[in-house]
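Please read through the structure below; I'll follow up with questions.
By letter and in written order, the chains are A, B, C and D; residue numbering begins at 1 in each of them.
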Amino acid sequence: MIIVLKPDAPPEAARELLARIEEKGLTPLHMPGSERVVLGALGDERVLAELRLESNPYVESVKPILAPYKLVSRELRPEDSVVRIGRVGIGGEAFAVLAGPDAIEDEASLQETAQAVKSAGASVLRGGAFRSRISPYAFEGLGAEGLDILARTGRAAGMPVVTEALSEVQLEEVVAKADAVVIGARNMNNFPLLKAAAESGAAILLKRGLSATVEELLLAAEYLLHEGNDRVVLVERGVRTFETNAPAMLDLTAVPFIKRRSHLPVLVDPSNGTGRRELVAPMALAAAACGADGVLIDVHPAPPSARAGGAQALDHEAFRRLMRSLVPVVQAVGRSLA
Amino acid sequence: MIIVLKPDAPPEAARELLARIEEKGLTPLHMPGSERVVLGALGDERVLAELRLESNPYVESVKPILAPYKLVSRELRPEDSVVRIGRVGIGGEAFAVLAGPDAIEDEASLQETAQAVKSAGASVLRGGAFRSRISPYAFEGLGAEGLDILARTGRAAGMPVVTEALSEVQLEEVVAKADAVVIGARNMNNFPLLKAAAESGAAILLKRGLSATVEELLLAAEYLLHEGNDRVVLVERGVRTFETNAPAMLDLTAVPFIKRRSHLPVLVDPSNGTGRRELVAPMALAAAACGADGVLIDVHPAPPSARAGGAQALDHEAFRRLMRSLVPVVQAVGRSLA
Amino acid sequence: MIIVLKPDAPPEAARELLARIEEKGLTPLHMPGSERVVLGALGDERVLAELRLESNPYVESVKPILAPYKLVSRELRPEDSVVRIGRVGIGGEAFAVLAGPDAIEDEASLQETAQAVKSAGASVLRGGAFRSRISPYAFEGLGAEGLDILARTGRAAGMPVVTEALSEVQLEEVVAKADAVVIGARNMNNFPLLKAAAESGAAILLKRGLSATVEELLLAAEYLLHEGNDRVVLVERGVRTFETNAPAMLDLTAVPFIKRRSHLPVLVDPSNGTGRRELVAPMALAAAACGADGVLIDVHPAPPSARAGGAQALDHEAFRRLMRSLVPVVQAVGRSLA
Amino acid sequence: MIIVLKPDAPPEAARELLARIEEKGLTPLHMPGSERVVLGALGDERVLAELRLESNPYVESVKPILAPYKLVSRELRPEDSVVRIGRVGIGGEAFAVLAGPDAIEDEASLQETAQAVKSAGASVLRGGAFRSRISPYAFEGLGAEGLDILARTGRAAGMPVVTEALSEVQLEEVVAKADAVVIGARNMNNFPLLKAAAESGAAILLKRGLSATVEELLLAAEYLLHEGNDRVVLVERGVRTFETNAPAMLDLTAVPFIKRRSHLPVLVDPSNGTGRRELVAPMALAAAACGADGVLIDVHPAPPSARAGGAQALDHEAFRRLMRSLVPVVQAVGRSLA
């Protein structure tokens, strides 16, 4: 890392810092300029925190040279990781479609949706049992009952299933019954939950927080790998900006940006990422075009009567239309459906 | 609420919606215009979610008339709430200063800080035992041991203490030993944690999420009151924007905005809210000037050797200087130190 | 529009407002609820400003029912507009590629680039003569000389040319020599410039401002149409958010969002919209997949020695590779190159 | 500056860059690390642009050591600049209040406002003649006639006057008749306008753009000083974020941030910066508390009938109340009214 000293820093301050850098096993560098003294510390920057450079009153700024993540980076593992969710591999050449309702409402309707999305080309069934919600007056999901419905429906349809857990307790239940656990956007930095997910060994769909930078998403993934679980799939699901035409702004640029830096698979969620039914299909196509490894699509048999997420859900027919337009784009970029 | 129908909505769609509005006990209104048909639903808008209007294919937009929160609003309770943390009341005429280190490191140093901040005018001791961190390589706090140190130090100094809990398990420990629990910015929408905090009956410092609107902060507080706990103090601690000169942008306008709409007390955290030592004092003064009920200040005996938060911590002398400049401003707005 | 009155508004306030609404030729509506009185004004909401409702001390909020733009909307003109830039039509079935350097440096190098992009499939030559720059120490472009080089090169290559004007004086020169004028992101709300552009009758590429909502972009276009010039092409070029991995975040969702609401063509600029060479090609493909009518690509014979924009420019070979990967995606969505 | 090379950069790339750095008169540094080669260039970083380092295919990132501005910085001029607007000095010990209507409507009403704000303690009269507006359907101001009214009214009241110019033509008129020209937020990067303002020699109130970082505001001011005019006053007027409770978020932290880095005076505009009448007074007090050199306040004799800006304007009585609460805060920070 590079350490810029303040104009009034005395020579002793530089000497003391260089000594501390050396103590930590990094190579110290001294670059006295006409307007500022600059110090360098070459080596593993993860010891940065211990050096507490930002707190030093003579330090003007600290500039890292290396990315703050290691385990998720392509420098460590150049080839694409493929994460298995049941029999479906996420990452690699195939393009995966994970589909299902925002909130599971009852078994019959989920079965109907499972059949519809499977026959249209989806390979994984998703559905919400435990729901995050920003108002105490919104639907909180069927909970454990919903999870059971999901597991039975997936088994019957021959599809692996994924669903979200909001707490360590829920996580244990989800891991026991689903093929992958979703860490939602609001929990991307919920470290007790991340730790439990890592320790479970389950495949994890880690969603980008609403105001998380791509680097922070990669750091949260780094945390999971550091705790011993590398079955991690990243999910771009939109971020919060000044734009009010939709609840989130889908940051598709994150996809090629991450793919160049990390070996982890990246999915896109154009349903939550746009919040509007009419925008889901074009953004799913765009996700495929820019290199995503798959998409998560909110599907409900009758969106106008959905208990949650209805504004963004596709009905079965709209999902079939989406799949028909998606396949040519997937092929145009040299891939095929998982 | 106001429901704007799409240009192509048939008359039956309007009739059906009006019937559903009436069923829910709201007063339906029909306003046929030249370019759009507009419907109204007058009454308790909290049933909004059940009407699932956003999912209706003939609905163009839904515009609420009332705020989505009730229990936290001044319409329900016009006079200021005062929340007691130990013997200190937050809200009302007094201006409270809560001070202490970002991370508790050891008992001697915390005792020293407690004495320093108390003698300078602080009334509550804060300090981090369980820490949120965005990198696996950062300090995670002393945990339960830190909590014990905090409790003993507060007792010895005669100061109530507050600290953060990151999970339901930690929350139980914190509630047993501290006078108030902090729900951090990254957990503002962690509903299992909010529920546990509400059920504990403890005083809660609820921090605004990094990308939470003021309305969402009030909705998170509404959730706590709805679950039966009205000992809630709101904390503005900066939000995330495009500006890169600091890790967050302190949104002081939120203070008078909230004070007009809600009876809950509002604190400001200029330490986390600016992330830079040099900006803490001026923003603490600004917080007092615009009507905040107090401030949270990061204080450490020797910031350059702090294990966390050193870039924003004031040392004891800087804290004393801050207090000397703060008191005249507090008095200028007709208040006095708690 | 819907007008929500404050809880303490007296009946006279409502009566007076209803009278003013009627005077303006709108249909007034009175909806007294239990918690708020709500008024409605049905008709042309463009008189909204004259009613000055936001200033009324008894008005809590004003909610428009209709979009604030009319002339650019599909409700007025349902079929796609096609804007001709020289012999090339933007909009409709064809997908246009506009390519060239950020800053024109000399005639030989522009000729080389013109040949390269034309043979690879681009139909319009772009290049900067008058440059916007945020530092006084950056290159400001060749000015009038650059414009002459561009005009001559376009003529020789048989390609229409487009370039930016920053002021009314520059606009006159640009309109005399180029086939379309670019209004840059920093000038989207420069009304004297917009007015001059409208009056010139020239084809206009109107770029979205860095912090402009899609609605504001449509309002700026509305201004141009209202002043009598409907030869307007909208350009999504990225907006400013908290994300720091690139100078802007490309908001591709804006493309299908606008296409549903407006008849105007929409281009995407993945070069300025990502600011990084490596991200240009995937985002150009994504733009085509989600329905854009074309892309603007920054191309330079030798980006490392470019006087401006080098970080995002493709060299000729990279541009050819981009075109080879773009064509299958354009075809997959049922279109072909312009 | 510090230049980090990509992992695959060959030794020749480093050698070539070091040679180019030396050519430019900067001191080159070579720091080969285990994971990256890092180069340094010590000296005047304003030649950064000419080195075109960002475009080099072997360069991973470029990190400046020095701020990109010089002339506006305290390092060059440590003591506060005082900019005279007529007989009123902005900056230094005094706190200035500039007050008047968003849009000038007629002479009688402006005279009334001038008397009211002067007797309450304002020292400068502001008022809009040429107005920026985002909709073609909004009021565009009285133009040259408004400017004449402003000049006459200021003279009669013995107050210097300031008003905005939107174009080079308007600027000439404004400079001839007003004591300072306002460059509005939408024109902060309108370089032809900045150039004309610099050349006029007039005092300039430079408003921060809606999505401009503080560094970009300082760079725009640097441009003015670089063109030879140092009579520049910076204005914080709110920025655009995800928060929707007001049209802008007032970034008061910018005030102490700038005051530490630049010698230029800083004003705050809590009227445009909050967009809501009820928030103007508390934020004006906060501005004074955190070190601003003055405030701009929107005042209108009868806001409900104002042709523009009515939602944020204070009437004369509310302005008097604001001044009564502001004076004690100004004194609490050791200053007095200009």
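Worth a mention:
Definition applied: contacts are C-beta pairs under 8 Å (C-beta built on N, C-alpha and C of every residue); 3 or more make two chains touch, one makes a residue touch a chain.
All of these numbers come straight from a predicted model, not from anything done at the bench.
Of all chains, the one whose mean C-alpha position sits at the greatest distance from that of chain C is B. Because chain A and chain B share one sequence, their contact can be compared position by position; here over half of the interface residue numbers appear on both sides. More inter-chain C-beta contacts link the pair B-D than the other of B-D and A-D. Here the CA centre of chain A is 39 Å from the CA centre of chain D. In terms of their C-alpha centroids, the spacing between chain A and chain B amounts to 26 Å.
The geometric centre of chain B is 31 Å away from that of chain D, both derived from CA atoms.
Multi-chain contact residues of chain C, defined as those touching 2 or more other chains: 211, 240-242, 244.
On the side of chain B, the complex with chain C involves touching residues 2, 4, 7, 27, 29, 31, 33-36, 38, 40, 42-43, 63, 65-66, 75, 211, 240-242, 244. Taken together, the chain A residues at the contact with chain B in this complex read 46-49, 52, 54-57, 68, 132-140, 166-170, 186-187, 189-193, 209-211, 216, 219-220, 222-223, 226-227, 240, 303-307, 310-311, 313. If you check the complex, the residues on chain A that touch chain C are 211, 213-215, 239, 241-246, 249-257, 260, 273-274, 276, 278-279, 282-283, 285-291, 325, 328-329, 331-333.
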